[in-house]
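The next part holds the structures, each set out as structure tokens.
After this come two complexes, each holding subunit A, first together with subunit B and then together with subunit C.
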Partner chain A sequence: MDLSLFVPELILLGAIAYLLCLTLSSRQIAGSALNIFLPGLGMILMVSTFFTLGHSGVLFSDTYRIDMISQGFKLVLALSFLLVAVLSCHRISIPRDREVEYGIFLSTSLLGMMMMTSAVDILTLYVSMELSSYSLYLLSALRRDQRAPEAGVKYLLFGAAASGVFLWGMSLLVGLSGTTSLAGIAAQAPALVAQPAFSLGLAFALFAFLFKLSAFPLHFWAPDVYESAATPVTSFIATASKAAAVAIFIRIFMATGLSAGLIWVLGILAFLSMTLGNAVALVQQDVKRLLAYSSIAQAGYLLLGLLSGTLEGYSSSFFYAFAYVLMNTAAFLVVIVVAESSRHDNPQISHFNGLAERSPFLALLLLLGLLSLAGIPPLAGFTGKWILFSAAMDQGHWFLVLWAVLNSVVSLFYYLTLVKHVYLKKPETAQPILLSTGTKIAAFLLLVSLVLLGVFPNAFITFTQQAILSGAF
Partner chain B sequence: MSAAQSLSSYLLISAALFSIGVFGLLSRRNLVAILISLELILNSASLNFVAFNKFSLVDKALGQVFAIFIIALAAAEVCIGLSLILLLHRKKDSINVDEARELRG
Partner chain C sequence: MGGRHRHSDRFLLPMTPPFPILSAILLCPVVGLLLVLLTPRKYETLIKLTALASALGTLVLSVVLLFIFKPSVPGFQLIEHMEWIKSYGIHYSNAVDGLNVSMILLTAIVIFCGILVSWSVTYRVKDFFANMLFLVSGVFGVFMTTNLFFFFLFYEIAVIPMYLLIVIWGSTNKEYAAMKLTLYLLLGSALMFAGFLYMYSLPDARTFDLIALKQNVRFTPEVQNILFLGLFIGFGVLAACFPFHVWSPDGHVAAPTAASMLHAGVLMKLGAFGILRVGVYLLPEGARHWADWVAVLALCNIVYGAMVATQQKDLKYIVGYSSVSHMGIVLLGIATMTTVGFNGAIFQMFAHGIMTALFFACVGFIYDGCHTRMLDELGGLSKQAPVISAFFIIAGLCGLGLPGMGSFVAELLVTIAAIGTYPAIGIISIVALLITAFYVLTAIQKAFYGPANPHHADFKDLDWFQFIPRAFLVACLIFFGIFPDIFINWVSLSTKTLLGIG
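Showing the complex of A and B:
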């Protein structure tokens, strides 16, 4: 057992312990210390994960596996955490005396997600999934607003129901195969996959992951939680949590394989997610709700790659998850800054009027982020969708791909409505928006990486394919 | 082996518990009752694990360890759930889900 592979998680654990001690100091000092500590932590995590990238090994009696899938996804998660940490200096609706708790729960949730990507035992998977979920339930209720507890309760009820159904399904899988390790299940899966109980168990187990991905039929929490959580928290839920969900989808499907019935079910869910997300997003006025429905639609696209069940399908889902983190963070960065400048943590579309005059740079970032979400070349979202759809096409899911392309066109309508307000409407105040240095750097990096990943995707595509190959059981 | 000791009777009881839990989840309006329904679902899962442990698992510790983990995490979940419900109760003076619909989802 080589503990040096576990260093990123150990650093994070140490940081959580430090934050716990910080709750004892005066709130004034703690709040300002957090603004430096969280981005620093994100940076250190990225560097330490990067150094473990080429290594592989199993830890803790074969329940925890370090390979390129896990480390690649951990890098994406750390990046997402870093961006959210930088944006956290714009938190306006977190109660002042609860800022340290915000840091703690953000970090524990990240720890849970990081462990999720490495979990190769159902017990590890369950515990790490609950660690990340519990932290997010609390984070979503942590806001000075009448409606925050309501969203927290809804999030918790949906999450707890999903994890209960997941456990029941997993108990069938474990009972049939006689082991909790995914490698053991993978060894017996070809013989078991014909049994109805195995497919039933797997279908039930998928509930928890569909909940994390906010795909139909477990999407109901998403609009409410996105709307009433503080905007940096929403951004974290919308990016990191999705990436972690894709990671466990890939792990589980690689272990169990996909039966024809399950592919049908996932296809129907993908179809409904895309349709529902895009149709309801068309009429939203609250930008965070709009992004919530757009994320439901994006979950449908991701399912398309996952249900292909091939190397290309999994690697393109990995690619798209990374692109999704970049473009969604870009959109949320602008939402956070606009929310701060208008002193209102639920910006409506009208708050974006004339943003191009107040800050051309932010307007450009929002434009590129939204066009990338809609899948316009040459941005990262286009490349991601292209390889995702071609992987699904290779497996003969042409109807779903056709429907997904049509849906992308529909989604362009509501993304461009927002862009219209940014570029064509007159601003209500001419006051320019000033950005802090950290936000400026983050925005610039997002802008560059969205374009670069779209134009030169080959290196990263190769990386994702190697990662999926290395993760085989 | 008599019928009372076969695996399928345990699984049937667990399936019944699970169904009652899901029914309660969908039909009850009181948030505490919904939490209780969630507990039923979790307990049906741990019953499954313990039953499989007795009859089919190779490693005889596995199912019991899993059941203990489920109990511990269920306790944590109820703690968080009750604290959030308490917070909601302070704001709204009610723990009925029908009252909690300011958000339109």
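Showing the complex of A and C:
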């Protein structure tokens, strides 16, 4: 057992221990220490994960697998954590005396997600999923005003139900195959896949992942939680959690394979997710709710790649997950800054009026982020959608692809509505928005990477394909 | 088969020209865009000069391209080829043939004049020129690429800046018009997208390269029929084909002058170009199958556009509906599926592009000076502003097909081809030209003759600087009207190849 492969997680564990000690110190010192500590942690995690990128191995009695899928997704997760950590200096609705806890739960949930990407045993998978979920339940309840308990409780109830169904489904899989290891299930899958109980178990197990991905029919929590959680927390849920869900989808599907019936079910869910997310987003006024419905629609697009069940399908889902982290964080960065400047952690569309005059740079970032979400070239979201839909089309899902591209047009309507407010309406105050250095750097890097990943995607596409090949059971 | 064989040789051994002139044309606006973005907001003149320099660069290079281009060589030439996304068969590859060489020239002419005409823009100068350059990069890209991925990418790049140009700098119900235009065009592009991906998924395809698709994939008749229908609707939206034209008059009216010029002059041609480049090139059987329907729709365009134009009071709406009518001539030329018809269609794309750019350049100037475009509120302008009036009248005469102007030859060719293939439609389209003459002459008479409106007493004529772009457009119109054989020489071999008789 080569523990050097586990270094990123060990660093994270150490940091969590340090943060626990920090709760003992004075709140004020701790709060300001956090602003430096969390981004620093994010950077160290990225670097350490980067160094494990080429390596592979199996740890802890074959329950924990290090390969390019896991390390690639861990890098994406660490990046997402870093961005949220940088943006956390704009937290306005986290209670002052709970700031260290905010740091702790953010880190534990990241630890859970990182472990999810490596889990190749049902036990490790369940433990890491619950670790990340419970941390997120607590995080979404960390808010100063009255909204807090609602979000936390809703999230918890839906999450607990989904995880119960997950366990039930997994018990069927384990019962049929007689092993808890995914590799063991993978070895027997070709013989079992024809059995209805196997498909049923798999479908139930998917509940938990669909919940994390906020896809239909487990999307109900998303709008309320997005709206009620503090905005940096929403941003973390909307990006990192989605990427981890994609990783686990890929892992499970690669182990079990997809039966025709399951592809049908997933296709219907993708169809409904896209339709419902985009239709409801059209009438939203609260920008966080709008992004929540948009993320339901995006979950539908992602399912299209996942249900293709091919190398191209999985690798393009990986690509899109990364692009999604970038573009969604870009959108949330602007939401967070606008929320801070308007002293209102639930910015409405009207709060974005005249943003282009108050900060042309932020307006441009929001424009590119939203256009990328809508799949407009030459941005990352466009290239991601192109390869995602190519993969689905290749498997003959022409109707879903046609529906998805039509949906992208619908989504453009509400994205452009927001853009219109940014560029066209007069601002209520002419006061320019000033950005802190960290946010400015993050915003600039997001802007550049959205364009670069869109225009020069070849290297990353090749990487994702190698990663999927390396993850075969 | 001979032509096909030469094709394949060239595809296997892409001739990389000593100087990648097509990429250079594409890079001119891109570099201009980056420089404009890097220039601080307050140096407005510097921004304008940068934009002008990059537009001039494209113009010079596209004229050079005409001299390098060999009309006698069949198939694509000056091929530039670079791997982009290997595993999906996506290459960055550009090439010219008779279809696009004139379109590249048209784009360069219109953007050059468009930048000059926009010299009077004062609101958010930097953003305006950045959007213009971004838009025109997309247009150049669509015209020169031979890969469907880049075709789509550049196509959408050309659409999105249009939204911002209309919404920020536009007039007359601009928010409605901009959203309508964008959603319509993207709906069309969604169909294209699905169609392209479907081609990719066909047996033996796994590539987005046009030439490779043509060589490797056998499109069965059913597939051709379905795909051509989808692509035709997708491209037809942009080409303002009836009944998908409804975005275009509103969009033209709401857009600022230079954006209208580019939009009616060049962007609408992207749709017709796409039908030829992708639709007819890859799916000739499908094109033949639907040709009758296309001809009927084209006739609707011609007649309906002209009829509606007669009822308009706003000069810009008249020009907008005349564009719908004239694009019908392009579509009719395509529907004939003959060399003469194709030549006429491409010539009409070129001539109409320049003519309509001139129209909008004139209307924009009149609107800036008089603050109205309503025919009833104008009148007698030819006395106080003879030069701009003359320009508008030249554009109008070109629009009604006066011999000696570019449009005349184009319309003649299309009509000859149409009478050969669809006699009834051809004859009705000739009658429709009378309607065109009626509304153009009525508009000219109301706006430029008759009693002068005292409100516009201080309306000043063009200064020498504003004279240049409009005079340049007129010169192009007359030049190709007098020497149409130069133009026909560029295109005729390629249209023959396209029809498989080369």
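Some observations on this one:
Criterion: the second predicted complex is superposed on the first by the 473 of 473 C-alpha atoms of A that agree within 3 Å, B and C clash if a C-alpha of one lies under 4 Å from a C-alpha of the other, contacts with A are read in each partner's own complex, and residues count from 1 in each chain.
One rule holds for everything that comes next: a residue touches a chain if its C-beta (ideal position, glycine included) is under 8 Å from a C-beta of that chain, and two chains touch if they have at least 3 such contacts.
Everything quoted here is computed from the prediction, not taken from an experiment.
Within the superposed three-chain model, A:161 lies in touch with subunit B and out of touch with subunit C [touch as defined at top]. Touch criterion not met for A:144: it reaches neither subunit B nor subunit C.
In the superposed model, A:396 makes contact with subunit C only, not with subunit B.
In the overlay built on the shared chain, the residue A:424 is in contact with subunit C alone; subunit B does not reach it.
More residues of subunit A lie in contact with B than with the other chain of the pair subunit B and subunit C.
In the superposition on chain A, A:55 makes contact with neither subunit B nor subunit C. By the touch criterion stated above, A:174 is placed in contact with subunit B alone, subunit C being left untouched. Across the two superposed structures, the residue set of subunit A contacted by subunit B and also by subunit C is empty.
Contact residues on subunit B toward subunit A in their complex (touch as defined above): 14, 18, 21-22, 25, 31, 34-35, 38, 41-42, 44-45, 48-49, 51-52, 56-59, 62-63, 65-66, 69-70, 73, 76-77, 80-81, 84-85, 87-88, 91-92, 100, 102-105. Subunit A contributes residues 122-123, 126-127, 130, 134, 137-138, 141, 146-147, 149-154, 156-157, 160-161, 164-165, 167-168, 170-172, 174-175, 178-180, 220-224, 227-228 to its touches with subunit B in the complex.
Of all residues in subunit A, those touching subunit C in their complex are 312, 371, 376-378, 382-383, 386-387, 389-390, 393-394, 396, 398, 401-402, 405-406, 408-409, 412-413, 416, 420, 423-424, 457-458, 461-462, 465.
For subunit C in complex with subunit A, the touching residues are 83-88, 149, 152-154, 156-157, 160, 163-164, 167-168, 175, 179, 182-183, 186-187, 190-191, 193-194, 197-198, 200-201.
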